[in-house]
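Going in written order, the chains are labelled A, B, C, D and E, and every chain counts its residues from 1.
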Amino acid sequence: MARVTFPFGPQHPVLPEPVQLILTCEDEKVVEVKPRIGYMHRGIEKGCELNPYKHNVFLCERICGICSFIHAEAYCEVIEKAMGIEVPPRARYLRVFWAELSRMHSHLLWLGLFADGFGLESLFMQCWRARELVLDVSELTSGHRIIQSTCVVGGVRKDLDAEQIRTVRKMLKQFKELYTPIFQVFQHDRTIKSRTWGKGILPKDVAWQLGAVGPTIRGSGWAFDARMDGYAAYGELGFEPVVEEGCDSYARMMVRAREVWQSWELINLVLDRLPAGEINVPVEDNPKGEAIHRAEQPRGEVIYYCRGDGSPNLKRLKVRTPSFANLPTLLVMLPGCELADVPVITLSIDPCIACTER
Amino acid sequence: MGLLTKARVKSPWLLHFCSSSCNGCDIEILACLTPYYDVERFGILHMGNPKHADILLVTGPANRRNYKVLQNLYAQMPDPKVVVAVGTCACTGGVFHNCYNIMGGIDKVIPVDVYVPGCAARPEAIIDGVVLALKKLRGELEE
Amino acid sequence: MNGTNGLLVLAVLIGVPLLGGFLRGVDRKLTARLQGRIGPPIWQPFYDFLKLMGKKTLISSRATLAWACGYLALTLLATVLFFLGQDLLAVVLILGFGGACLALGAYSVRSPYAHLGANRELLQMFAYEPVLLLTAVAIFLKTGSFQVASVFRQEGALIHSLWPTFLAVLAALTIKMRKSPFDIAASEHAHQELVRGVYTEYSGKSLALIELAHWYELVLLLGLVFLFWARPWWAGLLLAVFSFFLEILIDNILARLRWRTMLYFTWVEGMGLALANIVYLNLIRGLL
Amino acid sequence: MRLDWLVAWLVLLPIVAGLLSLSVYRSTLRKALVLGTAAILAFMAVLLAAVTLGKGSPQGLDTAPWLSTLINWLDFALVAYFLYVGFRWRHYLVAGLAALQGVLLSLLEFWQLPHGLTVHPTFLLDPLASIMVLVISVIGSLICVYALDYMPEHEAHLHLERTRQPLFFCFLVGFLGVMNGLVMANNLLWLFFFWEMTTLCCYELIRHDRTEEAQASALRALWMNLIGGVACVLAMFLIYRTLGTLSLVAVVQEASLGGALLLPLAFLSLTAFTKAAQVPFQSWLLGAMVAPTPVSALLHSSTMVKAGVYLVLRLAPALFGTVLSSALAVFGAFVYLAASLLAISQTVSKRVLALSTVANLGLIIACAGINTDLALAAALVILIFHALSKGLLFMTVGIYEQQLGSRDIEVMEGLVNRSPVAAVVGIVGMLSMAFVPFGAVLGKWASLEAAATSTSAWFPLVAAFIAVGSAASLVFWVKWLGRLLSTVPLREEEKLEKRKGVYAYGTVLGLTGLLLVASVLVGGLVRELVLPAVTALGYQPQVAANWSGWGSPYGFFTVWPVFLVAGAALLLPLLTFRARREDYRPVYLCGENLAVEEAAFRGIGDQPVPLETGGLYLSASWGEARLNPWINLLGLMLLLVILLVAGVGA
Amino acid sequence: MGMLGVVLRNLFTGPVTRRYPSERREYFDGSRGRLVFHPEYCEFCGECERACPTGAIELDTAWDTRRQDYSIVWLRRYNPFKCIFCGNCVEACPYGAIELAEEPAVPRYRKEISVDEIPNWQWTEWVAS
């Protein structure tokens, strides 16, 4: 039997980021997968120890440009925990606002790339078209399309005024009109189902054993979401995780597609209930001691740990990112699949190499 | 402007390589292809393959691990070709300047024709950068 | 070959790529519009072609260029024979071997992506070649000759009795035009697992030649569609335009399918339809 | 030269030469013997063709009555030998079939046939026979010459104490004489004798290496062919009962009388199918691969299996318009499809070739079943070109095998760099099997046209089978070609052609030249050789052939322009396009490529990972294990249907 | 068949493309684009240099080569190709000398560093104080 061994990545049109999967195929069947990572390693954790801790917000934001706000938020929260700072309620709500905005744009981006992965280019275009509206909201409220850069230790940097809230509500309504047909396509289209249904099965127990997080594990039937902890304002918004039981690529896709709606509702809820008051508290001294914080990124749970000794520089910052936890599931899902399913399955965990390798 | 030069300027196919960026510029490059910005207006197609590409868009700084990949891709592109460094970190290393695995901007590794600042570079800036690159291409060809 | 034929050959050699390139431009423009974009100018394919011709030559293997030439030459020959009204079966066979040249070019350098693409190209050939052969047979049953010219001697439109075959041809057309759901060997846009599949190792001039061959192929296939309603001529033209539009639409609303689905679809549904059509026509012929 | 002398030379010379070679242990002497025989045989075959084609009408030839008696006794000797073989190897199927054959033969000879029956004529020399003789004597002789180079090296591999070449050449060269006799025989009893002789030769040649596997394969070939023998005797019973003679010509001429002959014709077809390794019997031909390559080449291209299709073609006029004819067409087309599908999943080169042979023979049988002038012409064209190409391919595969030490297609990767001459020859052979406008594809084209013009209600099925089968054959040929072509540019590879055997390379190149000439001049070939044969069989060919191609009343295939265009397109760039070393770039490997000639990429730990590339086999879908039961079942059912149809028709 | 409706609607409602170089869209208020420096307000306090996470702003002094008396000029070097446009310096500046414009920074062929002379700080004044 003829075998084909070839590198899938680092530069590959299906993977926007450099990671290498050494695939061995027999005809069209993948028989062996060896991942090779490390192309994206920059040394951010070490870099964070060299910067004043307040500047690290900007560096942590750029661990990953897609979920950048949530990185910044998680960093700020872990520092605030270490320093014992109480963030004003308006800031907590605004953090949810931008975090959910990030989640929406990340999921839409992923849905588009996923559509491209199974060769439906016009659906990719539609997803990204809807995403532009989300980015407009982001730019309107934070000043930048993707790197919001609004989170600082002690609160947020920007506030929403009534005018902005009105515009945002209008845009969200537009978004709903645009996203409804897309959602239905993802849910019902037969060719999409034939490409995703039953592909990349991650059984419920295996998902737990491998420590998968985020939509990957929620697609395997676990209600596992760091937002259930109720950090920021999630505790006050009545958050319920989205769970699918299918354990396949379709289930993971539907988790994300439905989470877009969930985020949409959360944003509306935040806008309804936005409390008045300050948006940040002044922070003067330096972090001392250690703290740990979990937050939910679009790709899953991210864990921040920091240790300070009272100097402006942190002694240690450790980030455990969701894609790092999800990558091992690929080794379960890929062998035995067809070559044509490799993009679908690989993308179904939404790998973010920039996060993984920092 | 000769017909061939015009054809070259009108039909730039691009290759995108994410060197070690944060993804911010990468998704903005992809956003350029989508309905709101639609760079196919200028004949730009996103090729996944260096052998078909005319413009290399690099995001992110060069790091010690994948600079070889970048050099390989550059070598595989047939002339005439231009390189656009997209985003602050591709130009100088930007916010990652003090991370230990970063070599700096990608001009440390391959010759760069156009630098696009921004973190992340906006689609408008990327389009401007590509247009500038095409100007350079045309200028080079007419010399 | 007499003077008129000579002129016709010349017209085909020059006119067909112009028409084909234009159609590709329309294709890209229309695709863009369906996606809510503006899209490239109509004559974009010509720019692309010229640009590729002007690229510096970088090669992986000398043989790829030769096979690209072979693909172009055979496709061109098939087109010329088609427009000269020659044997349809021969045209289909020659076209098939043109496709094989493309695969051989990809095989001739040890590149995994090109090889996997070539494997899939072979699968595609496996899917559409029988359909096209049976189409020729079905047309024969209706016209009593394999000559393309005989279709024009036929009274009435073929599509009245050959509509199931026509549907089968549409399936083959999807594969030949490299449209979703069957663009498995090389997608029009690059986001697929095989990068550019069979075209991965072609670059510059050889890629330009392949692009040119695609133009010939496109016109040839639309010509085949045209035959189904050759009289009056404008009806055939409308049919061809309609099929062209339909293919673009299908491309934009369906996901890329796997090779098994492709074979299943073209054989069971495409060939089944053509076969049913042939059986039916044969029955009629037997009765009359 | 007198015709009877010519026939005697053609039949007896190889047999005598074979017997002589039994006592020849010196290689120079053997070379002289084989070369001389080959040269004379080829010359005689051309002479025969010139004579028969010149005469216009078929020529009959009678022999002395004592010869017929001798043949009868030799028949029994053969049966006795097969019986011995059956008991010697405890293969009771062989023994049983041989016994059955003996009983039936005795019944026929001593009970049914009157004493001293003479059949007039004993030999029939018509264009069909002379085409067969040409194929056998020219290509077969070339293969025998090729074996002069192959066998010493083959035996060197086996580490034999004493060479077995005398025995080998005895059967190899003798085979040609037997085959020549077979295709010229008109007396069915003679035909039967030659038929059983080919079975014997085949058995002995397959078991030549004396390994366990070889013996098992030989026995399988034997019992399958014995089934054919039994069917042949049964057919003779029935024919004599109906017609009162055992002349093949009479069978063909009298067939229009009624359905009474259908059953014997069906039995004769069954005989032909066993010999031509059609579907339920294909396994003997696949098993025969264990024999030395010249044997495979001989079995596939010019002898043995060709005997089967020859018989079907010979009988085709007798079937004209019958339901049996349609059944043959469906059966043949089915075999074509099934064997082509099976060939896709094969990795062993000789098995691919074997299945392709089965497929092409099926196509010839389908053509005979379609039974029009065009179909018969197509069948003959396929027969000629298949013999040329397959002989060439087996011989080149033999060369590869000795160079590489393997028969695996995957191992042949990049052979065009390592063994350029042999690889190019092989490529030409494969192209001629699969590509326009070489003869085999031309035959395919004509057979499809013929199928479409057939009046049978079954033709849509036939056409569909041929269409899918032809696409499948394209898949496996292109895949294999791809393996040969797949090279790493700039890499200095170890050349395998250290020793270019004069006989091996000479015959291979000669056959390539013959193939190319025949392909280019296919119009003339059809006009001068094929059409007269079709006419002589009793059809009125409306097929036209001119210098540039081949036409039917329904279409026209131009050959020269395609050759010109494709040849120019493929060769001109190779000849004119020069690349400098710095123009080369490594293949696309996602940016992790190394130097051009490395063919590796950087993998884990920055270590180079060598590239592996491979062809398309789809063994999960079209693997033998999965398809074989179905195909055999269907083939068996079709055979039963054929017999049933004939029986009911009778 | 949901996709059919979507693409047909797209076809008939026309493209949504922003024809960027020919038609420029209004940026939102507060978009973080180009960094604009007003040297006339600058007091050379160094807050921006300290606030910058990438070291894109440098305050420096140099010999004024335009004058013969070896006087010193106060310079602010700003490298737009290092700047991440976070706005930290804008917030840090007590004098409102730095501002973020809405349009993005422009691409260049070369990484030009912009050097501004601070007019508030002159050689003579420094001597006088």
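Going forward, a contact is a pair of C-beta atoms (placed from the backbone, for glycine too) under 8 Å apart; a residue touches a chain by one contact, two chains touch by 3 or more.
Nothing here was measured: the structure is a model prediction, and the numbers come from that model.
Counting only chains that touch, the fewest steps needed to get from subunit B to subunit D is 1. Ranked by separation of Cα centres from subunit E, the top chain is D. Taking each chain's centre as the mean of its C-alpha atoms, the one that lies farthest from the centre of subunit B is D. Distance from each chain's C-alpha mean to the overall C-alpha mean is smallest for C.
Once the centre of each chain is set as its mean CA position, subunit A and subunit E turn out to be 30 Å apart.
Rounded to a whole number, the gap between the C-alpha centres of subunit A and subunit B is 26 angstrom. Between the Cα centres of subunit C and subunit D there is a gap of 35 Å. For subunit D, residues touching at least two other chains, in rising order: 585-586, 588-592, 611-616.
Contact with two or more other chains is made by residues 4-6, 8, 10-14, 27, 51, 58-59, 62, 120, 122-126, 129, 144, 189 of subunit A. Of all residues in subunit E, those that touch two or more other chains are 1, 3, 7, 15-17, 19, 53-54, 84-86. The complete set of chain-chain contacts reads A-B, A-C, A-D, A-E, B-C, B-D, B-E, C-D, C-E.
Listed in rising order, the residues of subunit E touching subunit A in the complex are 1-3, 5-7, 16, 27-32, 53-54, 84-88, 91, 100. Contacts from subunit A toward subunit E in the complex involve residues 51, 55, 58-59, 62, 120, 122-123, 126, 129, 136, 139-140, 143-144, 149, 157-158, 181-182, 184-185, 188-189. Note for the complex: subunit A touches subunit D at residues 1-12, 20, 22, 24, 26-27, 29, 34, 36.
Only residues 347, 410, 589-592, 601, 603-604, 609-620 of subunit D touch subunit A when the two sit together in their complex. By the touch criterion stated above, subunit B contacts subunit D in their complex at residues 17, 49-51, 66, 68-70, 72-73, 75-76.
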